[in-house]
Every structure is written in C-alpha cells, then in structure tokens.
Amino acid sequence: MSSLLLVVALLWPLFVAGSTVWCAYRVPVQQRHFISMLWVSAAWPALLLAYAGDVQWTMDAWMLGGYWELNALSRPWLAFTALLWSMAAFHARGYFADEQRQAQGGNASAQRRLQRLTLLWPLTLLGNILLIVAQDIASFYFGFALMTFAAYALVVHNGTPAAKLGAKAYLVLAVIGEGLILGGFLWAAGTSDTLTLKGVRDTLATADHGAWMALLLWLGLGVKAGVIGLHVWLPLAHPVAPAPASAVLSGAMIKAGLLGWLTVLPLGMESLSPAMMQFGNVVLVAGFAAAFGAALYGIWQSHPKAILAYSSISQMGMLTALVGMGIVVPAVWPALLPAIILFAGHHALAKGALFMGTSVSEHMPKWPTSLLFLLIALPGISLTGALAAGMFSKWGVKHALYEFEQERIIALLTWAAMGTAALVTVCVWRQWQQRQRGNSHSFQWGAWLAALIAALMTPLWLPLPEGSVIAPPLNEWLGIIWPFPVGVVGMALGLLALRRFDVPTPPAGDWWWGYHSLATLGLSAARLLAARCGRGKTTSVALALKGERWVMKGVLRGLSVESWMRQHGGGLMMALAVLLALLLIWEGQ
Amino acid sequence: MIWRFGLYDNTFDPLWMTDWALAAVLLLPMVFGALGAVFRPSRLLPVALACLPILLAGGVMVLDYQQVGLLRWQWEVAGIELTLRLSGLSALMLLITQWTAAAVAVYTPGYLRLTLPNASVRWLWPLMGLLVSALSLIWLAADLLILYAALESMGLAAVGMLLLSGKSAALQAGMRYLLLALVGSLAFLLGVALLMSQWGTLDLIALEARVEPEPLTWVAAALIGAGLALKAALFPLHGWLTPVHENAWTPVSALHAALVIKASLYILMMLWGILLPETLFAPRLVAWLGMLAIVWGGLVAWRADSLKTLIASSTVGQLGYLMVAFPLVLGPNIAPLPLSLAWDGFWLHLMGHALAKAAMFMAAGNLIIATGESSLKALAGTSRRLPLSLLIFGMAAVTLMGLPPSAGFTAKWLLLQSMVLTQQWLAVAALLAGTLLTAAYVFRVFRYSFDETAPRHDYQPLAPGMDAVALCLAVAAFALGLLAHFPLGLLHGGGA
Amino acid sequence: MNAAWLPLTTLATSLFAAVIIFSLPEEARRVRTYINLLAAVAKILLVIVMVGRVSEGYEDTFSFQIVGGVDFVLRADALGVMFAGLSSLLWLCTTIYAIGYLEGAANRKRFFGFFSLCVTSTLGIALSGNLFTFLIFYEMLTLSTYPLVVHAGSAKALAAGRVYLRYTLTAGVVLLLGVVLLYSLTNDHSFASEQGLSPYLDDHRGLLTLIFALLVGGLAVKAAMVPLHGWLPRAMVAPAPVSALLHAVAVVKAGAFGILRVIYDLYGIELSVELGVTTVLAVAASITIIYGSLRAIAQEELKPRLAFSTISQVSYVVLGVSLFGPFGTIGALAHLLHQGLMKVTLFFCAGNYAEELGIHRLDEMDGAGKRMPLTSLAFTVGALGMIGLPPTAGFITKWYLGMGAIEADMYWVVAVLVASSTLNAIYFLPIVHRLWFREGPAHGKGQWPKEQSLGRLETHGWLLWPAVLTAVISIGAGLLAGLPFSPLDWATRVAVGEYLP
Amino acid sequence: MIASIDTVESGLAVCLLMTAIGCLFDRHLLRACWLLVLFALLMSTAWWYLNAPWLALVEVILGSALTGGGFIYVLRTLPSQRLWMPRYDRTRVEWPHRLTKGLLIIAWSIMLGVATQFLLPDMALSLTAHPLILSSVVIVSLGMGAFALHHHLMRRLMAFNVLGSGVFLMLAGMAGTSPSAQALITVGLLIAWLGSLLGVLLLRQLVHQEGSAALNDEYAPVRPPS
C-alpha cells in the first residue's frame, strides 16, 4: 500500500507535467489554466506519503539497482519539502494570476514562460522527492540532477537579462556541482563497490582517501547548500526568480544539498581518520565563515530577495558548521541530528514564508500595513530564534552542544543569530521601502499565511522521532532571544548612523564577479592559445601541402622516364641479361 | 620445387578420354577460331556454344588429373621427343585460361557490334583461337621445343590481335611490341641453345636431372630471364605494354593483360626453378625490380589520364607483386612453410589478377563505349547512369588493391605471411605501399565518376551480357579469394 | 548442437538485400522499401534468436578453410551478438530514417545497396570468429562506406571521401601488417581460445607489443582516436543517415569493437596489462576524450560538433577496455551500445533540423523546440545522455567506467570522466538552451533558413519516429538498466564470461 | 689450332660478318635490304656447309626470298607522290646512346664468347676451330646492339633478322645439327619469317596512315581529338 503511495507520489508530478503538455496542444489558449488546481496538487501525494507509513522498496531493474526508503531522516525531510512545495504552488497560483491573464489574452511571451514553468515545476518537484526517498546512489543522483536542471526554468522565468545572468550562474555552478558529486560518488562507490548511500557513508568513514571523497561530495552538494565560495548563484538567482520559485529554491532545494551531506558524510561516527577530522574542521570553519560573511555582505544589499538569499547562505552556514561538528565531535551527533532536521524544516518553511512575503509586500492586500509587516517579519524573527519554532530549533541545537560543552560554538551560533536578526531587519526595511499596494490575490497571501503558520509551528507537525523536540526551559529564553533585539537595534543604529553617507550597494553575487573576471581571463588565454595552435596547424598544413606539391612535381618529372624506358626496351633487356649473368657468376664463384 | 611444376615421371597412362580431351583443348580453339573467321558470329549464343566443348574438355582433363594425378604424354617425331604433362598447376592455369578466354569470347560479339570495327575483324577469331591453343600448350608443355614454339605462336597471335584496331597508335605500339617480343624470344632461344649444347636435351625432366650449377647454366638463365622479362613486361622492360593496351580493342587487351604476359612469367618461373634452384641474388634482383615496379606502376597509373592507360599501368604494378615473390620461391634454404605460402600466393595472385584484370578491362571498355570517351574526366556522372559497370570496375579494383574478400587479398595475405616468416621487410613495405598506391589510382577513377556536378552525356546503351560477363569475372575473383582452398588444393595435389 | 546456419543467415540477410537492391531498377522505390524493411526486421529476429541461443550457452559457429592455416569463421558469441544486436536495431531505425530522408533524392539504389553492404560488413565484424575474418569485414566496411560518404557528389563530399580513404586504407594496411605478423607468429588464432597469447609472452615480448601497436593503431583510425581522427569531422558531408550510422555503429564502433576484440579475445586482458599497453591506451583514450570535447566546444555548426563529440565519446569504450577489471569492461561494453543509441538519436535529430528547417548552424536553432518538440525532446535526451546525466543510458556507462577506474587504481581517469562530463555539458547544454529557452522563428523572430513542411507532424513521420524510438530506448536502457537482456545486463554477462571462465 | 681453320669457312665467316655489318649499319635502306638478301644467301651457304641442307633450303626460301623480298617490296612499292619512304635513315643518334650501346655490344660479345668458348667443353663446333661460329657470336652481339641502337623501325626489323640468323648459326654451332636443334632452328626461322612479314606489312600500313615520320620509334602519333 505504502509502496503504491510512493509510486503515486512520484508519478503524480510526472502526470501533472504531462497534463500541462497535453493542455498545451489540446486546450485553446484562451481557456487554458496554466496554474490549475491539478497543477497545484503536484506535491500532495508526497506530503501524504510522508505521514502514511513506512516505505522500503528495492528494485533491481531500476538503473543500477534502486533502493528507496523513508527513514528517520528522510521522512521529516519529505514532510517539510512537500509541504513547502504545496504552499509555494498555492502561492504561485496567486503570483502568476496576472501573467496567466496576459497569456490568455494572447501574449505569446507570457504563454511561453508559463508553459515552461508549469512543465518544469513538477519535474523539479519530482527530482526533489526522488532524491529524498532514494537511498541508492543512482536514484539520488538522478533526483538531484533532475531537480537541478529542471529548476533552471524556475530561475530564468522572467527572461530579463538579470534573470538570464542568475540562471547562468545557477547553471554553471550546478554543472560544476554535478561533476564534483559524480566524482565523489564514483570514488567512494568504486572503492568499496557499493551502490547505496549508506555504503558511501561507510566508505567515507573507513577508506584511505575518505576525506578527499568527503570533500568532493561536500563541495558538490555544497553548491546547492551554498557553501562559501560556491554560494554565488544564490544572491544572483533568488532576486530574479519568481517568489514561489525562490521559496522552493531557498526552502526545499537548498536543503537537498544538506540532506545529501547528512546522508553521505560520516557524521557521528567514531574513530575517524585525522584527515577526516581536518576535513571536519574545514567544514566547521567554512560554515561559520559563510554564516558571518553572508550576514556582513547581505546587509548592504538593497533587493529584499538578495538579502534573503544571503540570509539563506548564512543560515546554511550555521547548518554547515553543525554538520562539521558531527565530524569533529561525533558524540554530539545523536542529539544534534534531530535539532538539525528541525532547524532545516523550520528554516525551509520560514524562508519560504519570507520569500512569499516579498511578493506579498509588492502586492499588499488591504490590511493594516503595520500588521502586514509584522507578519512579514514574523518568520524572520522566528529564524533568529526569538520566537516559536525558531526557539525550539535553536534550543535543540544549543542543548545538544551544551551537553558536550561546546560553548565556543554556541557563542558563535549566537553571534550568527545576531547577523540573522540584522539581515531580517534590513530585509523588512527594504520591503517597507519598496512596498506596493494592489493586485493582491487570495492564493498569494493565503499560501503565505499558511507557510508562516507552518513555519512557526514546525515542531508540531514535523514527524521527528519521539522526544527529540525539547522545549527550552524558561531560564534559557533570554539566552536564546537576546540576539534578536540586539541585532535589530544594532542594525537600526547602524542604518541611522550611515544615513549621512551614501553607501553604494555592493553587487549581489559577491565573488561571482571575481570568478567571472577570472574565467574571462582564462577564456581569453585559452582563445589565445587556441588561435596560436590554429595558426600553427595552418602553417604546418600549408607546409605539408607545399611539400606535397613539390613531391608531385618530382614524381611527374620522374614519370617522364617511362617514355625513355619505352624507347630503350632492347637496350634494357641487353643490360638486364648482362647484369643477371654477372650476378649469377659472381655469386657462383 | 620441381615436383610443383609436375616435372617428374609417372607410370600412369592417361585415359583415352583424356587424350581426346587434350586434342580438344589444343585444337578446338583453333578450329572454332577458323570457323569464326568464316561465319563471323555477331551474337553471344553461338560463341558461348563454341566455348562449351572446350571448357568441357578442360574440365575432363582436370577431373582426370584429380583422379589419376600427373598425366604425361610423349611422342617421338623425326627423332625429336615431344612431351606434354598435366600437373596441378597446369590444370589450374588451363582452367583460368579457358574460362577467362571464354568470358572474353562471349563478351566480344557485343563489343564488336557496338564499336563497328573495320574489316580486319575477321582476323580476330582465328587469332584468338590460336592464342588460346598456344596458351594451353604452354601450360602443358614439358619440353623446351614445344615451349618455344607455343611461346612464339602465342606472341605472334597476341601481336596480331593487338593490331586489329588499326589505329596508328596501335600500329606504332604493336610494331614496338612485335620487335621487342621477337628479340626477346631470340634471347630466350639463345639461352635454350646454350642449355641444349651443354646438357644435350630439350626435355625439362631430363634437363632438371642433368643440369648443374655452373657458369654456362647461369648465362643461359640470364639470357632466358632477360628475354622472358621483356615479353612478360617486367619492370623496367614494361615500356611497350601501356601503349599496346591503350589502343587495342577491349577484349584483346583483357585477354592479353590477363593471360599472355602471365605465360612468359610462368615459363620464367619454371625454367629458373630448374636452372637456378639455389641462387640467392638473381631472384632478389627480380624482387627489387618488382618493388620498383609496384611503386612505378602505381605512380604511372595514378597520373594516367585515360582509363585504359590506368589499367595497363596497373598491370605493371601488379606484376611487381609477382616479381617480389621470386626470392620466396626460388633460392637456397627456404623453409618449407614460407615456400609453400609464397607458392600458393604467387599463383593465386596470378589467377586473381587474370580474372580481375579481364573484368576491369571489360568494365572499362563498357564505360568507354557508353561515354564515348576514354579519358577519366569523361567518367563524371557515370555513377548515376552506369552504376553496374562502375560496380564491376570497383569489384575488380578490390582484387587489384588486395582488399578482402578477393583473390588479391588472399594472395597478398599469403605472400605477406611468407615475407614476414623470411623477414623480408622491404618487400612487405612494398606490398603494403602497393595497396595504397593502387587504392590511390582506383579511387581517382571513382572520384571522377561520383562527380554529380558534371554535365550530362548521352550514353550509348550496352549490348546484353557485356556487363554480366564482366560481373561474372569479378565475382569469380572474389570467390577465388574466399574459396582459395579448393584451387590451391589442385596446386598441392601434384605432390603425390 | 551447433546451428552453423544462424550466423551465416544473419549475415546473408543484408547481403542478399544488397544484391537485390542492386539488381532492382532505380525507380522501384516501393519494392526497395519493402526489401529494406523486410531484411532489417528479419535480421533483428535472427539476432534475437542468436541472443536466445547464446544465453542458453551455445556458440554457433560457421567456418570453412580459405587457405592452409587460415579459416573463415563466423561465431555468435556473447560479445559479437551484443554488437550485432546494436547494429541490427540501429539498422532498422536508420533504414526507416533513410527512406524518409532520401525521399525524392537521386541515386537511392546506390545508396541503399551500399547501405546494406555496410551493415553486412558491420555484422560480419560483430560475428567474426578470428582476426582474419574480422579483417575481411573491416576492409569491406571501408569500401562500402566510401560511396555513402561521397553520396552527394559535390566537390566537398569528394574531398571528404578522399580524406576518409587516406585514413582508413592506410589504417587497413597497418592492420593487415599487424594481423599478418600475428598469424606468422601464432598461426590461426581464434577469438574463442581461452589462453590468449600468453604462451608467447616469454619469447616474443617485443614482437607482441609491436603487433599490439599495429593492430590497435590500425583500429584506432576507425575509432577516431586523436590524432587519427581527422577524417571523421570531414565525413560529415555525408547524408544524415550515413553520419548517423557511421557514428553510431558502423565505422567508429567497428574500430572500438576491434580494439575490444584484440584486448579481450586475442591478447587477453591479463596479458595486455602485463605488456603495459593498457595504460598507454588509457592515456591515449583520455587525451582523445578531452581533446574531442574541447574541439567540439569550438564548433559552430551542429554536425561538426556532434562529430567531435563522437570522437570524444567513442574513446570511452577504449578507456573502459584499458581499465583492468570487470567494471571497466562492463562500462566499455555497455557504452558501445549506449553511445550508439544516443549518438544515432542526435544525428537523426540533426538531420531532421536540416531537412525540415534547413538548420545547420547552432545559432539558427533558437526556439526550434517549439517548432519541432518531439525532435528537440529526443535531441535533449541524447544530449543529456552524452553528458552522462541520469536517467539516460550515458549515466550508466559513465558510472561503470568510473567504478572501473577506481577499481584499477587509476584515479585520474575519474577526473577525466568528470572533466569530460563537464565539457559535454558545456557544449550540449547551450544547444538545449537554444532549443527550449530562446526565442526564434517559431516565436515570430526571424526566419528559418529553409523551411519545408515535410509531414503532417513536425516533420516527415519516417524521419521523426526513428529519432523518438532511439531516444526512448536510450532512456529505457538507463532507467531500466537492471532488467534482464538490457544492454547493461548483456554487457555484464559478457564481462563475467571474460573474467570468470 | 689456327692451322686447322678451313679457308672456305673463314671466307664464309668474313663475308657473313661483312654483309651483316653492312646491313646493320648502312643508312641507305635499299642497299641494306639488298645486303640482307645477300646475308641470307650466305647464311644458306653456311647451312649447306654445316651439313644442314634442309635448313639451307628453308633459309633461301624464307630468309632471302620472302623476307628480303618483303623489305624491298615495301621500299619499292610505296613511293607514290605523297607517301614515300626515305631511302636514308636520317635519324640522329646522340653519342651517349651510341656509347652505351657499344658497351652493351662488347659486353654481349664477351658474355656469349666466354660462354661458348670456355664454358662449353664439348661444343659441337669449337669456336676457335670454326670461324663461322665465331662470326655468329659477333653477329648476334652486333645485331642486338644495332637493334637497341636504331630508332628506325625498318632498320630494327632488319637488325632482328640478322640477329636471328646469328642466333641460329650459334645454335647450330653449339648444339650441332641434331634433329632437335634443327627443329628449333626451323621453328625459329619460321617465326622470324612470320614476324618479319608482319612487321613489313605493319610498316607499310604505318607509312600509309601516318607518313614516313612514323617509322621512327620515338614518333608519337597525334591522338585524334575524341
């Protein structure tokens, strides 16, 4: 039964995608609902699956051998992912209402964009679901690749130059990431001849070059998860993607990378090699670097979604650091893992709500503005840990770390939370500045509210193991909450102080531009080299041709001997006879 | 070596039927040729019917050979001993001769009808008959007198046939050929005279028994070698060949290139086998010249402007392959395996080349008739209009190139293997280079023919059977390559 | 029980088809179509029978003696049947495609005749039981493809044909030399012999290496390994079905298959490793993979880009062969099939674009996805497969190759594979992007270079369905790789046969 | 040894040699023809002298009457107003060509002489004892050389005839006049005659078609545009 549900959960998005193609050819454009309820329902079976019993399925015929399972990790993951996708789909119904109207009115460009989006959205979803349930490498990789490449349409949707740039950055990084993942998987799987993710994990823990494999996988998956250095696509892609797409990108798809880490990295495993420990430290450092760096850079942004993107990087940085802890201090892991899942689930929904909020602030319903902005800010506040689910997730992490006396890490996390608070402040402030009224659609704000509520209540619905969610005791509240007001106040003061100065907005995508110029430099060097090679080839070909002509001339001249031989047959015969005779006699004597 | 030529005594008397078959093989071609002069057949059927009894007689002889082994005939006329024998090799050569000649004969009426030649056509049939008889006699002859007589009559018949087209160029070339052939045979005769005066016999078996390696034998061998090389168009004495073929009628060129020059080569091989069984350098010299021949023939053919020149020059190169095989067959201390491989390869190549060259000349003749021009440029667009002729040309060319699945390939394979075993790397290189050169000139033809941009010509339609005959020959060359085991079995059968 | 007729009949179907086609008049279009399809279907059926026989453990052999010590042997062993299956399947697809492609063109008789001959040769290569037989069909292949390459009869086509011949005939000569050397060393050596050439190792080490170099050098020309690849991009002037067949199965695969045979069935993998030739081969293959990809990036026209991609991809097979271990073998064998399927799809699609819309250059492809969705979908599948993304068949082979590399402790090969994947993405994704994400004539921007509305669907049905079929198969071969008798399964079977006697 | 030489034979040999040289190297064609006839007659005398009357008869008929007659016929009958065969061969021969041919002649003479004299212990007619045979060796070499030297087709044909006679004479000298040898010579004579006849007819036809220039071996007929 539950296998059937699994099949339905996977096939339903495919069916939805197929139905959009069907409609494209069968339904006249005036009557076509690009974002139909059918389309919105794409993620529902998956959501159902997350709550409806166990799945464990082995298929030999599937690629390299399929093994799908819902376990303590993947079940909550599927739950929040599917929930976020559903919310985002609802939101999309409102968000794209305008565009749909244009399309029905005969705007070919709008038709095209919507058609593309509606086709590839369910496919992206499919990939996301598949990678969550997959426990074998091939399925995971398949899901990951499908999600990655299908999501291109989500990013590039607007078709503006900025969108194209964002999509390009996304794709370039994605390709690099896929390559790194493939390399890591191949290495690990080849070393121990395994086909499951668990096998990879064991290999990473035990193999000689485990740390290097882990590095490859960490980086490859880290492209999605926004590891510092590979994060550059996030601030470029998010601002330009439609809000629902940003929501799933930042909420669900980013988490796919994290899920990958959690599945394949040898987290919580004792007696790891020194190299692996080193690797863990690298992860830890990189995580905090991302957490702080993103916050510091993000606050200077002007586009709210760019700020949110940096916030995502920052948050993922914290998660990265926690993953690093799993390697460096394995003992902490059993307590830390549920906290991380909760953190991830909460961040997914909260970030989804925040991104949806950006679209709500651009199309404000006729509510009191202050209430609206309070609601808009709410998930952000929760993210800082000052509220509701945020507190729970923060405490979960802190609690686990307290047990092993990792005060320094806690302190760093707390400081990072201040950064989050600052980012949220700036984001809301920017939204306030750029607010627009009108054109609000009930699905738009409805989905947003739903996501908001779900985010705040994450521990209640997230199917975590019993007893893994611990309510923070009252005496710790202050310790959890204080970064938020400090961050807000600090940011507000800072903003006030800087009001005098005209601080230019640094470009979103920070290091991208560095990479870009480096790549351009490299490309022009390669071109130069290629041109030189080409010239060399041309010269050598010309030389060879010249040589050939020369030889041909020689041959032709030589061939005139033929007529000489024709005339002197008799003489030649005489000579041959003499020659033969001499030869024979000489040899005989 | 000598048993391979069937030069040994045997006790069996030929069956009476074989005697009649022998008579038929030797005489019927001349008889039918004479009849052909009278009736001048213009259709295919009577010619085919005339060929039938000759082919049957040949078949009977080969069957008898397979049953009995070596067959020998001996007569004494006015104190002169005349000997004939049928060994496996002669049987094979006989078959090739008869079938190729039959194919040519069947091809001829159609050709003559389309080209509307001059009055001299009446000479064609008797000359062809004489040629076939003389060739058959050469394969069968076991004494020098018959060999000489047959060689000479073959040569004269060949010259006569080549002249028939009556073009000035043909006459000029024919005159040169005539003179050289006659002088060549005088050199041969001189050699024979030396042998006879020293060893006192013309019978090959007796000669083989008596001959000893001494200077006189060597001088004789040199004279015979030079004379026959001239007649066989071995490089560098091949100069007369190209113009002769270029200007003769197609069936005549086919017959000449396929068989006539091979006959001289056969005699050369046989006599040197008797005279120089243990010599190292003379065969080597021939082989070196052969390497040059391969390259030279290929180059000349490559640069040729007209189709027939190309084919004729290719003969020079192809003869080079045979020349290169000389030191593998003749010489001291050749291991049995390479010797046997080279022996098989030599004759297989000779036969394959005979079939393929005849087919190629016919295909080329068809192309020339159809396009009305003999230059390569005129071939443009023929791939569309005359695909079959071109295909036949291609199949024949495959044999010449020595690509599988053809007799040329199998033969080259055998030769190469033998060369590798005897470590003659230069020869290997020449053989392989020859393949490439052959491909170069063959595909030059195709390049012209595949040209689709050329203006359209009006093509003369071909007579029925003209393509079919050529096709049969080309296919036979293929079959000979794949089924080489059977003909080569005949070669070995004589060793019993 | 030895069904000697089976390999012979399989070979003869297309040979007979060729003969009949040559004897039919040019105008007999319908009959020719029937003959073509009939022969293709019959051949597939026969190959299926052979697959059944091989899986039951029979090795049907047909042989006769050509000359002393040299036999003509056709043997239906697992490896050969695998290649035969590929070629017969793709022959059917390509025949259908070619019928549609050459609708109304000139010289169809010649084309189909030589086409059938070409397939005969390919099948002969597949079923050859010893090196001599292999050589026969290998050269036949050269000859029968020449008329196809120069089919157009233009100056460019003729020049390409000349280059093609220069390369392939020279290679044939080199190969011949190698084969002759080997035969003089060992006499007739069947592919089926168990012990390989190891008995000769002690005394003839140098000679064995030389022979290996000659054999593989000769074969590498057809397999288009750098720097012997020059003919392939030029041969692109041939009609699309020819390019498809040339690239997917016939010529390049024949070379790769030959290398497979030489290493597995002639030398034996242990001996090859012992001689140290596999490492050299792996390096050469890697260079080819990277070089081909780099050159592909630089191409601005569709077919040359695909041609360089072929150069790169075919060397995967060689790379897999040179990895010592079962995974590399499986990868190589599976890639032989997978790449064939995917590349043929790509070429079909390229042909469709050229025929329907006149597209030859990449920058003309903008928005073609809207105009020709199925073709573009098939193209996308092929392209993703080339990159090696799941669930296409390309992923499966890349996976196995990578595993094989790790197993053989050649970590740098993984780097090559990943780099190649990335490079493939660099030159294929922009095309896919153009197809689907850019606006072009289908969206009212500009004009197609030469639009013909060939059929009721997006193009002529005969052109469309083969592409779709091969695309579906190449997805299926990846998605359901674990099914019995899938390419991967069969490759595993062969490899297990190699490693576990 | 010298003493044993028969004067008749010596005279015959010298006459043969002289006529042969004259025939081979006289640029006046008609005169050369007549010399050829004379040479053939002398040859038949020699045959007679060597006790081969049959051969003598054949030589007279074939060699002198038919062949020589043929040559004279060609030379005589052709000259009409338009077509006439020049009585002189005016082809220039370069000196390197002559030198090589001369060397070849000498080489051949030595080769044949040595072969016959020193290598044949039981020669029927010893070289030193029979000047006829000695002259035949020289005639063969000269004939060969002249054949290789000349470009004029008729002169080459004549050279062939002389050469042929020399060869037959040598054959007789070496092998005696056994039946086999006689048969060989007869066949040879017959062939030589047939060949000459064919050659003569060819010459005539050539001159008829192409004019006298075609008599030069190096002449290349202009190919009619096709």
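For reference, chains read A, B, C and D in written order, and residue numbers begin at 1 within each chain.
Rule of thumb we're sticking to: a contact is a pair of C-beta atoms (placed from the backbone, for glycine too) under 8 Å apart; a residue touches a chain by one contact, two chains touch by 3 or more.
Just so it is clear, the model here is predicted, and its values are computed rather than measured.
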| item | value |
| --- | --- |
| Pair joined by the larger number of C-beta contacts - A-B, A-D | A-B |
| Core chain by centroid distance, with centroids computed from Cα atoms only | C |
| Rounded Å distance, chain A centre to chain B centre (Cα mean) | 77 |
| Separation of mean Cα positions, chain D and chain A [Å, integer] | 102 |
| Approximate Å spacing (C-alpha centroids) for the pair chain A, chain C | 36 |
| Separation of chain B from chain D, taking each centre as the mean of its C-alpha atoms, in whole Å | 31 |
| For chain D, residues contacting two or more additional chains | 111, 144, 147, 156, 217 |
| Sites on chain A at which at least two other chains make contact | 567-568, 570, 574, 577-578, 581 |
| Residues of chain B engaged with two or more neighbouring chains | 176, 179, 183, 214-215, 219, 222 |
| Contacting residues of chain B [partner chain C, same complex] | 340-341, 344, 348, 383-384, 387-388, 391, 394, 398, 403-405, 409-410, 412-414, 416-417, 420-421, 428, 432, 435-436, 439, 443, 446-447, 450-453, 481-485, 488 |
| Complex contact set, residues of chain D against chain A | 100-101, 104, 107-108, 111, 144-145, 147-149, 151, 156, 217-218 |
| Residues on chain C engaged by chain B in the complex (per definition of touch) | 22, 64-68, 70, 72, 106-107, 109-110, 132, 135-137, 139-140, 142-143, 146-147, 150, 152-155, 157-158, 161-162, 165, 169-170, 172-173, 176-177, 180-181, 183-184 |
| Chain A-facing residues of chain C, complex | 298, 327, 370, 388-391, 395-396, 398-399, 402-407, 411, 414-415, 417-419, 421-422, 425-426, 429, 436-437, 439, 443-444, 478-483 |
| Parts of chain B lying in touch with chain A, wherever the complex brings them together | 176, 179-180, 183-184, 187, 213-215, 218-219, 221-223, 225-227, 229-230, 236-240, 242-243, 276, 279-282, 285, 296, 299-300, 303 |
